[in-house]
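Presented sequentially are two complexes of subunit A, the first with subunit B as partner and the second with subunit C.
Take a look at the complex of A and B:
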C-alpha cells in the first residue's frame, strides 16, 4: 500500500500571467522584507472568532450580577467587580476541586511519561523480536479505540475495583495517552544511536542504569511534549470523570461546571468566573509551551 | 536483576541473543495496564451485548436480539443519522477553514508567530466549558443582536430550534478542532519544496493557479489524514453537545456517544453495549482506512 498518495510534483502548465504579489506563496521567508498585508489583515480579522468567546468570558466574569443579566455580552464591566469569583469560589468549593483536578493531571502526566518511556525503550531496543514489535502495535490500537465503546465496561470495572474515584480517572487517562506517547517516544529513540548505550554498557551499566542515566535525560524534549499533551487531555476531560467518579464531591473542574449549571442560574458573572478559573490553567500552560504543543500535533498525526 | 556485565555486551556478536529481563520488566506494566483498562472492557462490552444484563444482577444470553432491536429503534437510528451527518458537515467546515488559514499562516505575513499561537489556542480550552460560553452567546447575545438588526429567524435561541441547533454544535466543534487541523496543514505546506513554486512562478502561474495546481495536490495526503482524523473525532462528540443542547431539543442532537452513555441511567445496559459494539466496528473500519493512508505516506 505505498501508492495511494503521489507526492510527485504535477505539471504546472503556464498561463502567462505575471506573478501576483499577494499569491498564496507558502514558502515565504522574510527575504525581501515585504510583508503580505492583505493576508495579514484578513488573518487579524479572523482572530475575532477566537477572541470573542474568550473576551466575553473575561468581561462577564468581572461584572456585577445586575450588569451580567442585561444580556449585552460585549460591554465592559462597569463597575468592575470580583464578586463573581468570590461566589464561584465558595459555591463550587474551588480549592478542593482545583486540588483534585491538579492531582488527576499530575498523576496522569507523570504516569504517562514514565510508563510510555519504559515501554518505548524496551520496544525500540528489541524491535527485531516479535513480542516487542507486536506489543507496539497492540498499544497503538488505543489511538483508534474511541472511549464511548469502552465506557460502560470501564465504569463497571472501576466500580468493582473501588477505583470509581479520581485515582481511577487518572489511571484511565494514562491508558488513553499510552498509544500516542509510546509512538512519539519510539520514533525519537530510534534516532538515538545505540553506540552511546554500548559504551555505557562497556563501563558496566545495567539496562536500568542505561535508561535512567542516559536515555531518560536524552528523552527530555519528547517528555515535555508527551507531558503537555497528557496534562491538557487530563485537565480538560469531561467525559471520563463524569462517568467514572461516583462521588460528586470528588469531581474535577470541567464536570463541576455541569453540576453547578442549574445553581449558577442567571448569575452569569458567577458562572463565567467559574468557567474562567477552569480554563485559565490550561491557557497559561499553553502560553509557556506553545512550541511543544504545536510540534506534538504534527508528529502525532504524521509519524 | 539482569545486570548486563561488560562480557555480556559481546553477546551481540553471537547469533542467539538473549533479551535482558529488564526490558520485559519495562514493557510489562504498560501491557498489563493496557489489557485491564482497554482490552478487557472491549471484550466485556461485546460479551454483554449478547445478554439482557441491566448492568448488575443476573442475566442470560439472548443472542442477537439487542442488535435486531437496535436497527429498528428510531432513537438509535436518529443518533446515528445526526452524528454522521453532523460529522460530515463539520469535517468540511473545519478542513476548508483550516486549509485557508494554514495558507495564510505560512505566507509572508506580519506577526506570524503570534498569529499562529493565537489560532492554536482554542485547542487547549476545555470543550464543555467553551460550550457553556457559546451557549450563553447563542441563547442571550445572538437573539438580542438579531432583534436589533431585525433578523427574525434568529430572534429566538438557536439552541431551542430543533432544525438549527446542530448548526451551533458544528460552530463550537469547529472552533475547537480547527487549530490541530491548521497545524497539520502547516506541516504539509512547509514540506513542499520551494523550487516547485519558483518553477511555477517562472512559468507565470498566478497565485490562485499555484494554490490549485501545487499546494492542494501536494498536500493531498495531509488533507486525507485531516479528514479521517476529524471524522473519527467528531463521531465521538459528546461534551460540546452536553454544554450546548444536552441532546435536545427533544432528541434532535443526541449523538451516538450520548446514547451509549445513557445506557446506565436508563437501564438498557446490554442494549447500549450492542450499540457500542457496532460503533466499535465502525471505529475499526476508520482506523484501518487511516492506517492505509498514513502508511502510504509514511516515508514523508
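Take a look at the complex of A and C:
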C-alpha cells in the first residue's frame, strides 16, 4: 500500500513544483484541486467496484451455509464459521492443488521471462535484418490468436506428445504469453543505449556475456512486469488446464473450484472460502510488486 | 536507484528460480509417469463422476470396492473435460454422467461400447429404455446403463395446504380453485423465477406440454416432417403447443409479482420461507430448501393441465447413467466396477439418499415423504421426458418459454420455434 501512495504523487508533484513559481498557474492548480469532483467520483466508483466484491467474498467465506443462501450478500457473518474453509480445503485437496498451481505458474513465469528476453534481445539488436523484423511480427501475431480457437488441436497435440499434464500447460502458457512479453521487452531494450553494449564488447565480452551480465540485469524492472503478467495469466487460467491436463490428480486450483457451483446447487460459503484461498497469492504478489508493474509499463512506453 | 536494486535480484532469482523450477518440473514429470503405471499387478481404471454432492459417497464406495478385491484400482475423476478426453483418445474407463444432450454426440457417434451382454442390462426397467433412446441412440447397442432417474413435478408446501384446507388438485379446474384460495389469503400460489430461463423451460414449459401431449410421439412425428415444419404439416409447435402455452400464460398470472427478476436461488429461499404454496422445480431443490429450513414439509403432485385426471404425468430425466467407452483398454475391469455399483443395496441406497427413483425392475418404492406423491406415476410409467430437453440446444427454447411467461402471445413465438426447427433440419 505504501509503495502505491509513494509512487504516484512524486511523478505529478515533480511537474508541479517548478510550475509553482509561475504566477499564472497557482490558481489553475487550486481550481483543479477544488473542482476535480468528476475524477474523484470516477475513482471512487472504480475503488468500490473492487472493494465491494472483495467485501462480499470475505464475509461470505465466513458465513454458515444457511446464512450464505439467505439473499443478504452484505450482512456480516453471524455466527462466524470457518466450515467453508474446511470443506473447500478437503474438496480441492488444497495443499496438492495449490502446489501444482504454483508449479505451473513458476515454470510459466520463468520460461516467459527468459525466452522472451532472449527473443527480444536478438530482435532488437538485429532490427535491420528482415528475418528478425518478420519474426517479431510473427510473434506479435500470436497475441491475436486466443486459446479457444486452437483448443482442440492443442488437446490432440499435447496428447500425442504425452504433454497432457501441468508441464504441457506451463509450456502453452509460455507460448501464449510470448507475443505480449516480447513486445514489452523490445520496447524497453530500445531505451538501453547500444554504447553500453559496445563498451562491453570492446572489453572482450561474448554475446552470452553481454546478455547475462549486462542486458539481463538492466532488464530487471521489465522482467518484473512481464513476470507479473505471466503469473496472473497462468495462476488465473481455467480453460487451458481443464482441457489439457488429463490426470485429475494433477489439476490446478481454478479448475477444481468449478465443483462448488452447479446449476442446481449453491454453496456460496464454500466457494468463496476457496476463491479467497486461491486469490491470496495473486493479491500478495501484486501488493509487493505493483511498483514494478507501473514503472515497467511506463519505462517501456518512453523511448 | 534501479541498477542498485536490480543487480542482486536477477543473480538471486535466476539461480534459485531455475533450481526451483527444475525440481518442480521433475516432480511433476515423475508424477505424470507414475499415474499410468500404478500399483503392480492391479488394473487401474479411471471413473468419472462429476456431481459435487455425491463425490463423497462414491469415494466411500471406491474404498469398499478396493476392500472386496485387489485386481482393480479405481481412480475418481471429477474435473476432466469430457470432450478433451475423447479428443485425445483417453476417455475415462467408466463414466457416471448426466444423461442429457451433452451425451448425444458420444452415443450417436458410437463412442460408447455395447453393454447388452452384461447381466445388469436385463435388470433395467423396460419402461426406461424408450427414454434413453429418445435422448440418444446408437442402433444395435446398449450404450449406457441408467443408474438413477429423477422425477420432477409440482413441489408444494404441505403445511400451507393443510392450513388452508386445500387438497392436492387433480384437474385444471381444481388447480385454479387452489390458486384462488391462496390468492385470496394473500399468499402467492406459485413462486416463479423467470430470471433463470432454464427454470421456466423445465417447469412451466415442460409440465404444461407433458401434461397435455404425448411428448415422445410428438417428437417422433416431428422428426419425420424434416424441413417441412409449419402450419400445414401434420404436427408442428404452432399447432400442438398452442394449448399448453396458453395454459402457461394463465398459470403465470398466479405467480409472485416479482418473478421476472428472481432466479433459482431466490426461489429456493422464498419457497423454504413459506412465501409461496407451490414451486415448479425438481427434487434437486430439496437440498437447497434444507439449507434454509431443514424441517420443511414438502410434497409433490403432477401439474394438472387438463380436466382429465388420467392425463396426469410426471416429468423424468435419466439423471446418471453408466457407460464404458469403445476405446477403453480396460473394459473388463471397468465392467467389474460397474457390476459392483449396480448391486441393489448400493444403487438403491444412492437413489434413496439423492431423492431419485431406481432404474431396475426390482427397485423398492421411495419412502421419501417429498417424493411419495410421484411413486404411483413412476410405477404406471406415466412419465415423459421434458420437451425442452428434446429440442436441440441450438434452439433457445428456454428464452422463448420465458417470453411467453412474461406475456408474449404464444403463436408468434411458436412459429419462430417451427422456423428454427426447419432451418436446423435443413442444415443437418
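The definition used in the following text is that the second predicted complex is superposed on the first by the 232 of 303 C-alpha atoms of A that agree within 3 Å, B and C clash if a C-alpha of one lies under 4 Å from a C-alpha of the other, contacts with A are read in each partner's own complex, and residues count from 1 in each chain.
Here is the rule we use: a contact is a pair of C-beta atoms (placed from the backbone, for glycine too) under 8 Å apart; a residue touches a chain by one contact, two chains touch by 3 or more.
All of these numbers come straight from a predicted model, not from anything done at the bench.
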| item | value |
| --- | --- |
| Which superposed partner A:65 touches (first subunit B, second subunit C, both, neither) | second |
| Subunit B versus subunit C as contact partner of A:262, first or second or both or neither | second |
| First (subunit B), second (subunit C), both or neither touched by A:278 | first |
| Touched partner set for A:243, first subunit B, second subunit C, both or neither | both |
| Subunit B versus subunit C, judged by how many residues of subunit A each one touches | B |
| First (subunit B), second (subunit C), both or neither touched by A:82 | neither |
| Partner chain in contact with A:100 - subunit B first, subunit C second, else both or neither | second |
| Contacts of A:202 with subunit B and subunit C, given as first, second, both or neither | first |
| Touching partner for A:146 - first (subunit B), second (subunit C), both, neither | first |
| Overlap of the subunit B and subunit C footprints on subunit A, listed as residue numbers | 71, 151-152, 155-156, 243, 258 |
| Residue ranges of subunit A in contact with subunit B within the complex | 1-5, 7, 9-10, 12-20, 22-30, 34-37, 39-40, 42-44, 46-47, 49-54, 56-57, 60, 71-74, 115-116, 118-119, 121-123, 125-126, 129, 132, 135, 138-139, 141-157, 171-172, 174-175, 178, 182, 198, 201-208, 211, 232, 235-236, 238-239, 243, 253-254, 257-258, 261, 268, 271-272, 275, 278-279, 282-283, 285-287, 290, 293-294, 297-298, 301-302 |
| Partner subunit C, residues of subunit A touching it in the complex | 65-66, 69-71, 91, 100, 102-103, 106-107, 110-111, 151-152, 155-156, 158-160, 162, 164-167, 216-218, 220-221, 223, 242-251, 255-256, 258-260, 262-267 |
| Residues of subunit C that touch subunit A when the two form their complex | 2-3, 5-7, 9-11, 14, 17-18, 20-21, 24-25, 27-29, 31-32, 35, 46, 50-53, 55, 75-81, 83-85, 87-90, 198, 264-266, 268-269, 284-285, 287-288, 291-292 |
